[in-house]
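A short write-up of the structure that comes next.
Chains: A, B and C, in written order; residue numbering restarts at 1 for each.
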Amino acid sequence: MRVFSSRSLSTAVLVVAVVILALPGIALAKTEIVWWHALQSALGERVNEIAAKFNASQNEYEVKAIFKGSYPETLNAAIAAYRAKQAPHVVQVYEVGTQTMLSSGAIYPVFQLMKDNNIAIDWNDLIGPVKTYYSSGGNLYSMAFNSSTPILYYNKDLFKKAGLADKPPATWDEVEAMAKKLVAGGAKCGYSTGWPSWVLMETMHAYHDQPFADHANGFDGLATTLKINGPFGVKMLELLQRGAKEGWFTYNGRLNKAEANMGGGECGIFTTSSAYIGNITKTAEGKFAWGTAPLPHMAGFPQGNSIIGGATLWVMKGAKPEEYKGVARFFKYLASTENQAWWATTTGYLPLTQAAVKTMEASGVYGKNPHLKTSVTQMNAGKTTPNSQGLRLGNYGSVRDAIEEQMENVFAGKKTAKQGLDDAVAKSNDILKEFAALYK
Amino acid sequence: MKRTVFRNRWLPYALVAPQVAITVVFFYWPALDSVRLSLYRASPFGDRLIFVGWGNFARLFNDAAYVRSAMTSVVFAFFVTVIGLALALVLAALANAKIRGLGVYRSLLLWPYGIAPAIAGILWLFIFHPSYGVLPYVLSFVTAYQFNWFLKGWVAMTLIIVAAIWKQFGYNLAFYLAGLQGIETSVLEAASVDGAGPIRRFLAITFPLLSPVTFFLFTLNMTFAFFDTFGLVHSVTQGGPGDATSILVYKAWKDGFENLQLGISAAQSVVLMAVVIGLTAFQFRFAEKRVNY
Amino acid sequence: MARAVEATATVGLAVTARRRRRDWSGFTAHAILLASVAVLAFPLYYAVVISTQTVGQATSLPPRLLPSTALLQNYAEAWQRAKMGRLLFNSAVMALAIAVGKITISLLSAFAIVYFDFRGKWLVFWMIFVTLMLPIPVRIVSTYEVMTQLGWVNTYWGLTVPLMASATGTFLFRQFYQTIPDSLAEAAQLDGAGPLRFLWSILLPLSKANIAALFVILFVYGWNEYLWPLMITTTPEMRTAVVGVESLVPRGGSQLAEWNVIMAAAVMVLLPPVAVIVVMQRWFVKGLIETEK
């Protein structure tokens, strides 16, 4: 008798346990939101963290962050998935893919998403260049996420060795003068740069309120003509061609290959993405002292603003309304001041709102790491003009290749700056016209 | 010779069905689609298409970057093939003696065949590394020149050429050794009695007798250098610096998968198809002649 | 008489010289072959040495050529960071599936072509032959489209099935079957055995050597494929080992490359195919010779 009752007792306990364990599953089937991104290692872990924080903050939606490879790989995967009608809800696309996404007819604009779900975000609090790059007609199409902008870095030890004061150059004339002194003082490279086209052509044109392409850099319609072979572009490249010849400017390759030279302590002055701060902090530790400053200005040209790079989050069409509600909630979460400040502090990317900047100021983050503020200061000091909203180019990747190809010719002294830029423009115009023809 | 065949209506079809199915779906369909796509300009999402006929090809052949890429491929294939074969031939000739353990040597020389070109590239990348590689270090005792493959196109080319030759070397050597062992020593002895020195003997007798092997290895190495070295370039130089090592295969992939220019990439694929057909035709025409030997 | 003496002396000298030449050449042969083995092995040796050092040791000058003690840490780190277990598994699946699949399919097709007469036989034969001229780079963009439509992107199906149709395998078996005496087939028919029985009980056992040869070649091929897995897989979990190692090498140079870990990963990845070649080298050589005919 005892045996029987203990057996049935344990069965009952088992049944109750199973029911209790299953209860959450029954009661709360979380709606899953799929997010494809291209950030790996340390940055990828931050992505996972923010997704986990969102998931823990509520119990209706679950964001699944999946690393899909590099930016081009992630974009390719998204396109393939969309065509197979299996697109993720959110995909991170780099700035090069902006026009591709806008023309695709496959996206759900962010401003529309938030409106449809009655969630308000203060768009006006976004930092100027961040907002304008991804907006059309004042409305935001993709959610700003990891943005950076070029800034100037300098090697304080090399400066000291060359007898220069600890004051970074503010104009390109100063860059030339200081770089010459640095080389004379024994530096292997006076000035160099990462992302040659992005920094020296794209950003510099915007920084000096010079047009890069027609149709307001592609914001007013598909761009079909580049304008970089004007007086500003020519002056910029002539300066650097001279620098290469005289030895104070060293061209160290495309993409961010040159960052290895800066991190190795070779270069006195360097321009590259603000996102490099994380890396250089680690690589230069114990080796050399360094500082940051806003980008140098070219005398004789007006003041514009620097443009951003990095990536944003796009929402793909084809999902259900209740899932989009979750995406909207997730974006609202991401845009909160607290999360913005956390993200910017831990990753080194730009905080996207002024409120976040104030919070970081107040919490002493900028006090501890003033370099993080350089990019913000630079952007807040600039003027937003039609020429400095950003760039929207079809086949942007190929255009950049064409420009860098000619820049390399100019730096090597094979062509004059004017000739090189004319050739770059001719080829790029073909590339742009091809894209425009597809969407007539 | 009359062959015995089995009489069965449906069985042969069933037997070839898997191969035919896979061949049609994964070879012919995409290949024909490549040809079709090469006649269009396509949007990245593939939703917009404009027929341009020869437009993509005209654009390719007028594009300095593409022509450069073709030159790079030719130079790369040439050096990998010629240097690889020459080294293997010379070493095989010098090593061609009746020695014991040839089989052991052969297996000790063939194993790099099992290494993927991409991995071979990574190994050599480290050896060539401008900051701490063995090779620049050793060379620094000889000259002050900076062998920085990040910056200098020709150094990067040398790097991938060396990695490719290294991987193929044992293979070339093995075939030459086999070829040499198959040459009748009596012919060579007769020549030496006639007073021909070793070099003369080699040039007048050995080399011509080896020409089938040479031609076979030639087309094989060329095909390898054109088509199987994508992994090497992608993992080591990514076509750089600039586009100094952007071989045709790499450029076709990059334009299609990174720059999302589907039509242009397909046109490049079609050009590559022409190259393969040429190489294959060349090889088979020569294989016919081989039978006479 | 003097003439005869002279002639004898000349021949005698020639014979002695030849003998001396042969001894000398035997020694040279060994020397050259040993040197070749050493040079060929150096990159691998160096890679293994680096994989036992710490980052500091690996990146300092002068280069250290002797192993150090960080072996376990490096391999553990590489394993963990690249999720090597999963990568090796994927590569193994790919290599084995492709090898087995290709062998089976080509065997069946060759059997059908040799032992049956059926309508469209020559069409099938030529169709298979033409695929030799359609390597992957020739159809990359379009194949990706096809895979998208099939929903096979980032799946094991996508990794393996498209690579299972092979012209070389079919030709190898066809050639082999043509050398099998007709009497065997006749006898089987007389015994009342059907074609499948003949295939299973007689042809297959005879084909063992060819199957082994092909297996080695195809396993190495499947393991080392780079472009295909790169295109087809979109998440790190599905990547194959050769592609996965590449992800450890930093791009752009702004991150510090941990060469000791990278080399450890590279060594782990190249061991299986090289081991297969070394262990099965007799069949490997046979396979090389047979498949390249």
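Everything that follows uses one rule, which is that a contact is a pair of C-beta atoms (placed from the backbone, for glycine too) under 8 Å apart; a residue touches a chain by one contact, two chains touch by 3 or more.
Predicted model only: the values in this text are computed from it and were never measured.
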| item | value |
| --- | --- |
| Between A-B and A-C, the pair joined by more C-beta contacts | A-B |
| Reference subunit A; chain at largest CA-centroid distance | C |
| Cα-centroid distance, subunit B relative to subunit C, in whole angstrom | 15 |
| Distance from the mean Cα position of subunit C to that of subunit A, given in whole angstrom | 42 |
| Inter-chain centre distance, subunit A versus subunit B - centres from mean C-alpha coordinates, in Å | 39 |
| Shared interface positions of subunit A, touching two or more other chains | 73, 76, 83, 257, 260 |
| Where subunit C touches two or more other chains at once, by residue number | 144, 251, 253 |
| Numbers and ranges of subunit B residues touching at least 2 other chains | 46, 131, 150, 257 |
| Of all residues in subunit A, those that touch subunit B in their complex | 72-73, 75-76, 79, 82-83, 100, 103-106, 252-254, 257, 260, 264, 395, 397-398, 401-402, 404-405, 408, 427, 430, 434-435, 437-439 |
| In the complex, subunit B residues that touch subunit C | 1-6, 8, 11-13, 15-16, 18-20, 22-31, 33-34, 37, 46, 91, 94-99, 105-120, 122-127, 131-134, 137, 150, 166, 169-171, 173-174, 178, 189, 192-193, 216, 220, 227, 230-231, 234-235, 238, 249, 252-253, 256-257, 262, 265-266, 269-270, 272-273, 276-277, 280, 287 |
| Residues on subunit B engaged by subunit A in the complex (per definition of touch) | 41-50, 59, 63, 65, 131, 150-151, 240-243, 255, 257-261 |
| Sites on subunit C touched by subunit B in the complex | 11, 14, 18, 22, 25-26, 28-30, 32-33, 36-37, 40-41, 43-44, 46-47, 50, 58-63, 104-106, 108-109, 111-118, 121, 124, 127-128, 131-146, 161-162, 164-165, 170, 182, 185-186, 189, 194-196, 198, 220, 223-224, 226-227, 230-231, 242-243, 245-246, 249, 251, 253, 259, 262-263, 266, 269-270, 273-274, 276-278, 281, 284-285, 288-289, 292-293 |
| Residues on subunit A engaged by subunit C in the complex (per definition of touch) | 40, 66-69, 73, 76-77, 80-81, 83-84, 86, 194, 255-260, 263, 276, 279, 282-283 |
